[in-house]
Amino acid sequence: MSEFGFHLAFWSLAAMTIGGASMIMVSRNLIHAVVWLVLSMLGVAGLYLTLSADFIAVVQVLIYVGAISVLMLFAIMLTPRAERDNSSSLKTAGPAGVVVIMVMIATFWVAIDTDWGSVREAALTDQARLIGESLIKHYILPFEIGAVLLTAALVGAIALAREDDEDAAVHAASLQAELDGREFDPVDVVDPPLPAVLTAELPAEPESEART
Amino acid sequence: MTELAGLSGILGAWYDFRDLNNLQRLITEWIADWGPDWLASIVTGLLGALGILGVIGPTLLVLIWVERKVIARFQQRYGPNRVGPKGLLQPVADAVKLILKEQLAPRAADKLIFFLPPVLIFIPGILIWGVLPFGPRMSVADLNVGVLFLLAVSGTAVLVIFMAGWSSNNKYALLGAMRAVAMSISYEVPMVLALLTLVVFSGTMSINGIVEWQQQEDVIFILLFPLTALVFFFAASAELNRTPADISEAESEIVAGYHTEYSGMRFGLFYAVELGNTLVVSGFIATFFLGGWWMWGLDEWVPSWIILLAKTGAVYFLLIWTRGTLPRLRVDQLMSLCWKALVPATLLFVVVAFVQRTLLISEGWDTTIALPIMAVINIGLSLGAIMLFARVARPADLRRPARIRMAGAEIGGLRAARSVAARSEEPQFQVGGD
Amino acid sequence: MTTRYDAEAAAALVNDAISGAACVDDGDLYLDSTRLVDAVRVLRDGGESDLVFLCNLTAVDYERHFEVVYHLQSLDLNHILTVKARLHDHEDPALPSLTGLFHGAHLQEREVYDLFGIRFDGHPNLQRMFLWDGFPGYPLRKNFLQMPGDVRAGLPGFPHESEENAWPVPGSVPQRPYHPNDPAPPSDVAAVEGEEAS
Amino acid sequence: MTTSDDTRLAMQGTIEALTAGAGSEPVVVNLGPQHPSTHGVFRLKVTLDGEIVQDAEMRIGYLHRSMEKLAEERTYTQNIPFTDRIDYLAAMSNNLAYCLAVEELLGIEVPPRAQAIRVMFAELQRVASHAMANGTFINDCGAWHTPLFHMFRDRERVLDMFEMTCGARLTTNYMRIGGVAFDLPDDLLPTLERYLADMPENIANYEALLLENEILHARARGVGVISPEMAINSSLSGPVLRATGVPWDLRKANPYCGYEQYEFDVPVGERGDCFDRFLVRMAEVKQSLHILRQVVDSLPEGPYLADVPLHARPEPGEAYARVESPRGELGFYLVSDGGPAPYRFHCRPPSLINLSALKEMSIGGTLADAIVTLGSIDIVVGEIDR
């Protein structure tokens, strides 16, 4: 790719990323903020593409745009309406600004000070394979630890969030059956056998049978 | 396709319609002669995009007609038959009507986010076409992470749907959006796993690579992984919001779901993208599981893109067929189907694919013998898994059959009901159950 | 064939339990309106009468008094009984509600309230059903000959279409077109909140 | 071994906690009055917790035409067209019920041929109405109109026969006090024969398509359940009542128009859920075709209309006549003061009264279940509002 095309792509993507990020701070509405965040993340994915890191770029879109932002929207939707908007109070703005400026200065200093090994043209190699191989061969232990951690988190999240009405009903019915000293079949809760009135013993036919 | 290039002098020339890529290559080379190379890239990209747009636009119009006509035949109707010959101009009339209609927006809608979705929804809808290989060299972008690109792009569409549903400030739309998001999060898992099976087995993430693998091994993936194909088909139809999984725009429940408040051409855009997505997903099912542009040597005589379109049409017909036949599942049923049946099934086949691939490579088995055996094993495994899940994941209240009895001479209230129910002879009519 | 349950037998059954609550006039069973619920409970739960099914509930305006008519059916014994209750207060008639005995009385009593203005004491949700809240008068009464005052029935036209089509209709609280988002019918609506063109 | 009191108390506490459920912000959604699946201008206000229905309240009256008041100003014969408009999907049954009530007031004997014709058209109407009910029910379950259109084909042929006989398809105005308006046209019976010959195959097709459909089972089984006691207490009737297992059919319990001459059976369900209602309707169509076969085979000759004065003035008195309409017990309560018009005209609308238990059926299910339940009750808003 020529210099001009590269610069065009880089500067427009950078503007998209920074602009999106600024709008996140400016917008009062949380949903708007998430939409701007998506724009910013798409810009970052584009920047990865200009660095010939197409695997990372696609994964950035897949995970951050497709999953994380949707999860954020979901979380916002599930919280009550009153807490959905950004607070208009500026009480904490001062300290936060100081912290941000300090972090920025540190980052710039590191960025300028580091001796980056830069290449003009990155080779378009099979990056997915390389990443996979290094994960499996060199970083197998951290990879496995991460996997176990994620599994534990998943199980924990399910255990915390589990609130299944049907299960609760089955549990309640089993306790009730134990209290009453009855046999218990979980299927009966989900699907009661037959209306009790239909299965009850037939009463003796009354004398005054007037049916025609 | 090296043998194809060597066949005769006309092959590879710009007028060889079997491989439209030749034409594009000619143009690129011509520009490279006099212009900067970035211009060539841009022109190539534009040509691809324009080609796709030029193909999808008219195709969509025809597809609307096809879908309405086919559904009408299922329903013993004629379908559109007034505007133009055989009603072929009906979609044009509809489009004109939609364009001329007034665009309404609810007063309480979130204006910016309300206006964006009909436009934004086009972006993934068009981008996704870019990686569909119409021939050996005929795809706009033959990415080596094509499969991931497909998943990433299709995943962003749900964001747009959510924006549409949320900004309308309508409860039907919101319910539809919530359902769409919940379903998309769930159904992406079996989709990813299904594609992972293919990626593991063929050893490439390039979509064209997967087709070439099928060509090289002389086998299509639906034979090797039938259950995966089935799961992918169902998960794709769920992502497409088509019955039996169209809960996010379930007409009888939430009117039109997330696009309830969109009128005129805004609705038209949603509708068009939905149809376009249906077509492109049919194309991807054909590519992944039916061999794409390749068909046991037929592709040497018939242009490869015609083969792909024919397969796409077949899958598309299947999608219309399921839509015309099946009722809709409930939200919770769809979720439990996904997590209790589809995810374990695809996970099983990811493991199976891994084991078989390892055997093929490390043992160096002859693929012409090993692959048929594996196909038979996998078909057996699929049937077993289906039967197992039908038993395990089936809702408990469907285990007992529904019965209709005949009252006979017993007419009356509860007492008669009891004696009808207590009658020991076989019920007249019994459906369902294990 | 469904037989008619003998009114005399029914009266005897009721009077055995609650003396003086029932009488027979011209072949029909009349129940004392103050003790209606208990009397109907006797008829419903009595093994001989077994009138468990409330077929029909309606009222008739006899200009000086109202009669509320109940058709009670026994499904197992297959007989039907017409029960009536007379309401002499023509201006503000009231009767105890049968909703405690028959769940099916809910809607039928509401209908009678809506069209005759007979109050059913003890009904959990006694509102107008077909007509809107604030509709002037009770149309099935014999003295309801036309809409009182300037009120016209139905929509005069689209709201704000012209000066004549003032909205709401004077003297009434109309129902307005509903958007699915509306949580509850508003009691006073000055303008129609619809959708704006863009 | 007995459990200690403390344990029992603890267990009871757990049971209460488990059955109470968690509270969260409920959402009120209006289904209707303009909604694809409310079958008319009917509004159901549901309170949702997520997708679970917490409360369901119906608002009706959008189609109120004050027929009972209008009927007091018209003669008995002039009121027959009104009855068409009450339940516009079963006009014949409404005509019939009203005419039976007037005949009871007047004490008229209806000639046998008229009775057989009445039975024929009442049963044809039942076939047509059940086709509509089942088709829209499957639609409410989410099918894309395919079963509906197939069933409409059957209904269409019935309506053609109505048109052939009385000139109208929907609002037939065919029954008259003392008989029917016209004798059967010559080509009706051959048409009906062809219809009866074709229907078994069509029904077999529907059964093949629908009865073992797993999705339909999952959607309709165990949904909108009501117990037989509650159904009787709520005055439900028709297929909704029979689906709970209560074999109550007025054609058997109180035969009118000579129904006792025909052999047919009353299908009853078991669980009272939506699927049972659907199955009962499917089975009833078969029984109706069986009755139609017998009517065609034994159609008596003779007059089709009794000798009734055009402006009948019944003696003062009252009458309550009812028929088993496709939706349930359809009754007409007439009071005569000896004048040319009814003093009081009341219709017992099965659609309205079958909705008595809608709230109980819907609560606890999902929004989608509430729609399916509403569809399975088979309401006609013209009859609800009148």
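Per-chain residue numbering starts at 1, and chain names A, B, C and D are given in the order in which the chains are listed.
Everything that follows uses one rule, which is that contacts are C-beta pairs under 8 Å (C-beta built on N, C-alpha and C of every residue); 3 or more make two chains touch, one makes a residue touch a chain.
What you are looking at is a predicted structure, and each value in this text was computed from that prediction instead of being measured.
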Chain C reached from chain B - shortest hop count over touching chains: 1
Taking each chain's C-alpha mean as its centre, the one farthest from chain D: A
Euclidean distance of C-alpha centroids - chain A vs chain D, Å: 49
Chain C and chain D: spacing of chain centres that average the CA atoms, whole Å: 22
Chain A-chain C separation of Cα centroids, rounded to whole Å: 55
Contacts with two or more other chains, residues of chain D listed in rising order: 29, 222, 228-229, 232, 244-246, 248, 253, 270-271
Multi-partner residues of chain C (at least 2 other chains): 1, 52-53, 75-78, 179-181
Shared-contact residues (touching 2 or more other chains) in chain B: 171-172, 255, 395, 397, 411-417, 421
Chain D-facing residues of chain C, complex: 1-2, 52-56, 58, 60-61, 69, 71, 75, 78, 82, 102-108, 111, 115, 128-132, 139-140, 144, 178-185
Chain B - residues contacting chain C, complex: 102-108, 169-172, 255, 411-416
Interfacial residue positions of chain D with respect to chain B in the complex: 27, 29, 35-37, 51, 138-146, 148-150, 153, 209, 211-219, 221-222, 228-229, 232, 244-249, 252-253, 265-271, 275-276, 279-280, 283, 366-369, 371, 375
Residues of chain B defined as touching chain A within the complex: 36-38, 41-42, 110, 112-113, 143-145, 148-149, 151-153, 155-156, 158-159, 162-163, 166, 178, 181-182, 184-185, 188, 205, 395-397, 399-400, 411-412, 414-415, 417-419, 421-422
Of all residues in chain B, those that touch chain D in their complex: 71, 74-77, 171-172, 175, 243-244, 246-247, 250-255, 323-333, 395, 397-398, 402-408, 410-414, 416-417, 420-421, 428-429, 431-432
